[in-house]
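Look for subunit A in each of the two complexes below; its partner is subunit B in the first and subunit C in the second.
This part shows the complex of A and B:
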């Protein structure tokens, strides 16, 4: 296998970080930006302790991880930092292969080492991804599984892709957003068609069968989880139910926690429903609009998750940001990349600062941190809207191209005229 | 003939009530002890025994109850006990921290700060134990004017090992324990007045005449207790107790530790309670012989001076009992380092600077030359999560996990309306002689909804104290002569992170604006068609 030089170097570096004792790792583990109650390493360890002592970890209301993680870490391997490093490496490798599949290149050739180096570095050096991984947050595994699902789908490996997405949905139920675009990639192709939109090109009749296969895998995982927990269903309420009912209001960079801290009790169920439905509502419009390029639709839905997910951590927008690197064709059409970058910079600096001011120093109050989380929401939204814009704008092309096309097509009739493009409503 | 039958009928009607009329005994006692830090501990106990009576069988709760006739036993309490078929009941309302190191073990063991209520009830299909527990709380909070109604499922546990049945175990059904504590409950006059009403002589005669609320609630430590115990051979025993630790050094101008009943209570006993079968004041004499006690006609038994006040005795009621130290000009506080009186000293704190997490640390010192094994019980409200995997047991910074055994942990269990019961941690600690054992674990503090915070949210939350309890001699073969009941550690105050309480509308508006902004922008883009237009200049 031909790996780019940066890949080997950065993976070695990442493994070294896992092995070396880091001074601030305990602080990272408790950081609310890097791990949520659903992904926290502390809670994972507590769950393992409870399991060891024959206590159902799901009764206490503090453990929300999937039973599968529990069984993996209690029987196969202990939760060592090296596993997070390996997961990161696998994620970067999957991202590389998605890019290869999108470019229609076979992996053995490896023709463009510069781009490959860039993609690897963007994934492994992204602080939004690296820090949660150093904090041993299980969101690293969720991201890796998402990337693996996309990779297998891009390579046309049906069963592997469906199994990977079934795992991802099992770990975090909001990954269900990515199911439809992954099915679409499986029946069409991951190759970029952004510049030349066309009606959906693929065998739609296969989708129900693929969905059936996914359901089968998912049910097997649910069954396995039930066997692990000894036939009890309490884990469903504790793990998946937590994303719907938000029992733990620990602050995070997302929009849910303060909204539901301050919510009037009688409106809670209504707004919980609104926030959950709001996530699902993006699936069909994005998949229909980007039916010519389902991989890009998946990318946009990852952006939706990275902005509006319950129990958001920095790892969620981090995946979206790193995935921008595999769509080089749209970079030129982004309208406000600098503003998005500055918003992210603003949020990334303010979030830890305001968190410390509120929770540790006691000088600020919750509103300070809330304001920072709103900026984070703005940053996520700006990136998402811009990616959406660029993905459609590329189809129109440059004004110059149009001039040349016209010149070619109409035999110099309009020569000398300045031709501008403009967007008009349908 | 007809008249005769009417008489017989009336006599028949009256028979059961006469048969139910039981013998009742009332005893009262006051124990006074001078403590080494100059304070004076006083313990009133008023015991009413309902001879031959037994607790109500909960299986008969659906049926009509036998009528209740009491001469001395308080009817209001009797009705509550019958209504909810309570076998054993303990209610204490205390204020202040009991200083075990300087004051020794209290005469009444239940000295946990705030309100504590625990009851043993028989299980029954008619009404569940939890339903009766809820009824009992509300009835008692009405009777004693205390906020016992808030001892709901968020505070209720069943720590059967630390709080066993004190009396006999009835055979009619398996028994269950419900225990709850409210450390932030304040104790004041409104609780004492209903307490005095339960006494047969109220505060008009006998020892209860001394109970002057202004003085009792000025004491450094004060608390009252209601204990109902069923003993198979005697019957139902109701013990009303009141303890107060006065500080004569503080109140006397001359900084002397001399005390007399008049100075302590600002009241005197004018007459004895006529229905009391025994009524006595017991003064526990200090070991040093430099004190004087008046009047000088008590009965001396084993370092105790006993004054009999009952109306049947030959003694006249002493107008005032006083103890003084004639050779002492002003009281000299014993200088540190003081060796604690109790063999076991406990310190419990929560460290940590942030509002989200901390370290709960308990250090237990064995002051005696023998090894001591104790039970350790934590009952933590669900707003504090104890991370059990971080539990450490240390002696002099060395991990000694072998000294903690029989660890039992119950995580918070979900109750109705999304509430969680407290978590319970119970273990047996073995402390080597003359050493300090340190237990520590990390804890997380919950982020609560803004409606779940109390009105004074910035004050913080009171956590109940831990309980150290002796292990029953049968199960643990310990040859220790150390005889004691439970030790309560002081309560803890934790500050939880608070949201801004004025923000609900602002947050709804701002968050929804952001969501609609992004939602609108995306759907605006998605529903547009892109075409190229020529613009002629």
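This part shows the complex of A and C:
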């Protein structure tokens, strides 16, 4: 496969990072910004240990991973850091392939290597993605599976895309948001049509069949998970139910946990419903508005997930930020990229600081930390809104300035200039 | 094809039924009924006293330097009950506490209970809950009955329930049906009896041991009328209780005779002791004590030789150790541990730390009895991996 030089270099670097004993790796594993109760490596190891000792990992209430992770990591390979490095590399490769498919390029060498180097670097060197991967958080796998699904969809490989998104949905149920855009990409094309929107031209009649195929793959995965748990369904409540019922209120950079620490019990179901529905209500509007470019719709929904997800970690906004590199056409139309960047910088510096201040030193309290996560929410929201704007603005096109001199026919005098702008569709 | 299917239907139903029966029988025969295990645990294995926690209320009702021995009495009892396992949170110690730092105390910060001054009862680790002028009759009765001001901190409350055994010890100057509190007021035997009756009505005790060391002590428990109270006193009516010995350097009497002999008996008791209250009462020697100690057991429903000393003086926790295989059915880790959970070790039923070093797992639900068995675990893991692998390869190569 033809990959830019930066790819090989950065992948080697990443593998080195995985293999060398880093001094702060234990600290990273415990960090709440990098892993949540649903993705934490410590809990994964605990679940594996409980499985080894013939105890059901799902009765304790601390293990929220999928049973398939249990079976993979206890049979084929233990949870070594090299797996996360390989997953990162696969994700970067998938992002490159998405870029190629979007540009309509086949495997040609030498086509804009600078851009490809940039895309690879933005994914592999993004601290929001690198640090959770070094912390061995399973969000790396979720991101990689999402990118693989988008890659296969962009390449038109129907079953592979549906299998990848079935895997992703099996690991985190929030990824269901991306199902509709992926189905739309599969029946249309990933090539950029942002600048020239037109009604959805794909074959809508295929979508139910594709959805049926997705459901079939998903059911097989559920069946495989039930096999390892021996027919018990407690894992459903522990893994997907955790996103819906929020049993664990460990602080994370997301917006949910603080609400639910202070909520009266009789309001809890209502607000859980509201927060979950809030994620789902973005699907149809974004897909309808961006029906001419479903890949961009998928990108925007990844942004929604990266801001409003239940158990947020830094890896979720990280994917959104890295994916913006494959949409260079909108970069010129972003209104406030600097503000978004600064908000992210602000949040990224404040979050660990306030966490240490609150939890370790006891000098702050939860409000300090939640304020920092609100800044993170603002940063995510600013990025999302800006990307939405740019995606729509590019369709409006550039303005061409016309100047006309207005001449008074009767008197022949110059009455002044009239300036107007005509918008030219590109 | 469908007709063939319908022909097989009764056989399929029969097969399903036999499977179900086999599963039901297998899952039901596995664990001992939960009710029996709970009853075993709370019923107690040693004396059947039915208590789950122990409290002690130790009251020294005197103040001033010349009543040093009463302070030493109470502190000696405090040390004993602490040594036998009752934690500070379950001990209410009421002392005037004006002896250890008294200007007359040559050994400042120390209180001794014997002439050679070998054991400092005051030390650095005692918790006095009511000190000084807080030791009043009103506070004592409020403490017992639980009718305290809302601002009273938890450490000064008697937070007992109906499974608590309470050891109430009082010492000071007393007379015929009264006890003098700090030279200012008196508490009568009727007050104590009524307080105990209030406790009984409010279910604030399981059993009480009431021990009192004053002059004419036995009169103080003569009016009690609530059940499950065992009482003992140091001297009869019209009889004084005497001190045991003086220390020449401290200059006053350091311990009372009755309490001294009770404490001496207690030094031979440790947490695992099976000595009964009858043994304690048998050890009373009126000649040595110089008075006739009394016992009142008509309100106490259990035989005294079956009642352990540690039922009142100790804070003994009972732990049951269940071997792992009896719960999970796996002999993976500790195969040579065959004792079933209902067997009791006859020599030490109240060993405070009795957990065997197995992984104590959660009790299984009957529906998942076989879910995590070792035999099938590996098979299930590999089967699920196989299924997923098949799916991936089918999608990659066929589709």
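Note that in this section the second predicted complex is superposed on the first by the 397 of 426 C-alpha atoms of A that agree within 3 Å, B and C clash if a C-alpha of one lies under 4 Å from a C-alpha of the other, contacts with A are read in each partner's own complex, and residues count from 1 in each chain.
Note that a contact is a pair of C-beta atoms (placed from the backbone, for glycine too) under 8 Å apart; a residue touches a chain by one contact, two chains touch by 3 or more.
These numbers were taken from a predicted model, which means no experiment stands behind them.
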Overlay on subunit A: subunit C relative to subunit B, clash or fit: clash
Partner chain(s) touched by A:360 [first = subunit B, second = subunit C, both, neither]: first
First (subunit B), second (subunit C), both or neither touched by A:118: neither
First, second, both or neither for A:176, with subunit B first and subunit C second: neither
Touched partner set for A:61, first subunit B, second subunit C, both or neither: first
Touching partner for A:163 - first (subunit B), second (subunit C), both, neither: second
Of subunit C and subunit B, partner touching more subunit A residues: B
Partner chain in contact with A:53 - subunit B first, subunit C second, else both or neither: both
Which of subunit B and subunit C A:228 touches, first, second, both or neither: second
Touched partner set for A:244, first subunit B, second subunit C, both or neither: neither
Overlap of subunit C and subunit B interfaces on subunit A (superposed complexes): 53, 55, 59-60
Contact footprint of subunit A on subunit B as seen in their complex: 353-357, 382, 385, 387-389, 407, 409-414, 418, 420, 423, 442, 444, 446-451, 497-500, 503-504, 507-508, 510-511, 514-515, 517-519, 521-523, 525-537
Subunit C to subunit A touching residues, read off their complex: 328, 330, 332-333, 359, 361-362, 367-368, 370-374, 376-377, 380-385, 387-388, 391-392, 395-396, 399
Parts of subunit A lying in touch with subunit C, wherever the complex brings them together: 51, 53-56, 59-60, 67-68, 70-72, 74-76, 158-160, 163, 217, 220-221, 223-225, 227-232
Subunit B partner contacts - residues on subunit A that touch it in the complex: 30, 32, 42, 45-46, 48-50, 53, 55, 57, 59-62, 247-251, 255, 257-265, 278, 282, 285-286, 289, 307-308, 358-360, 362, 365-367, 370, 374, 377-378, 380-381, 384-385, 388-389, 392-393, 395-396, 402, 417-426
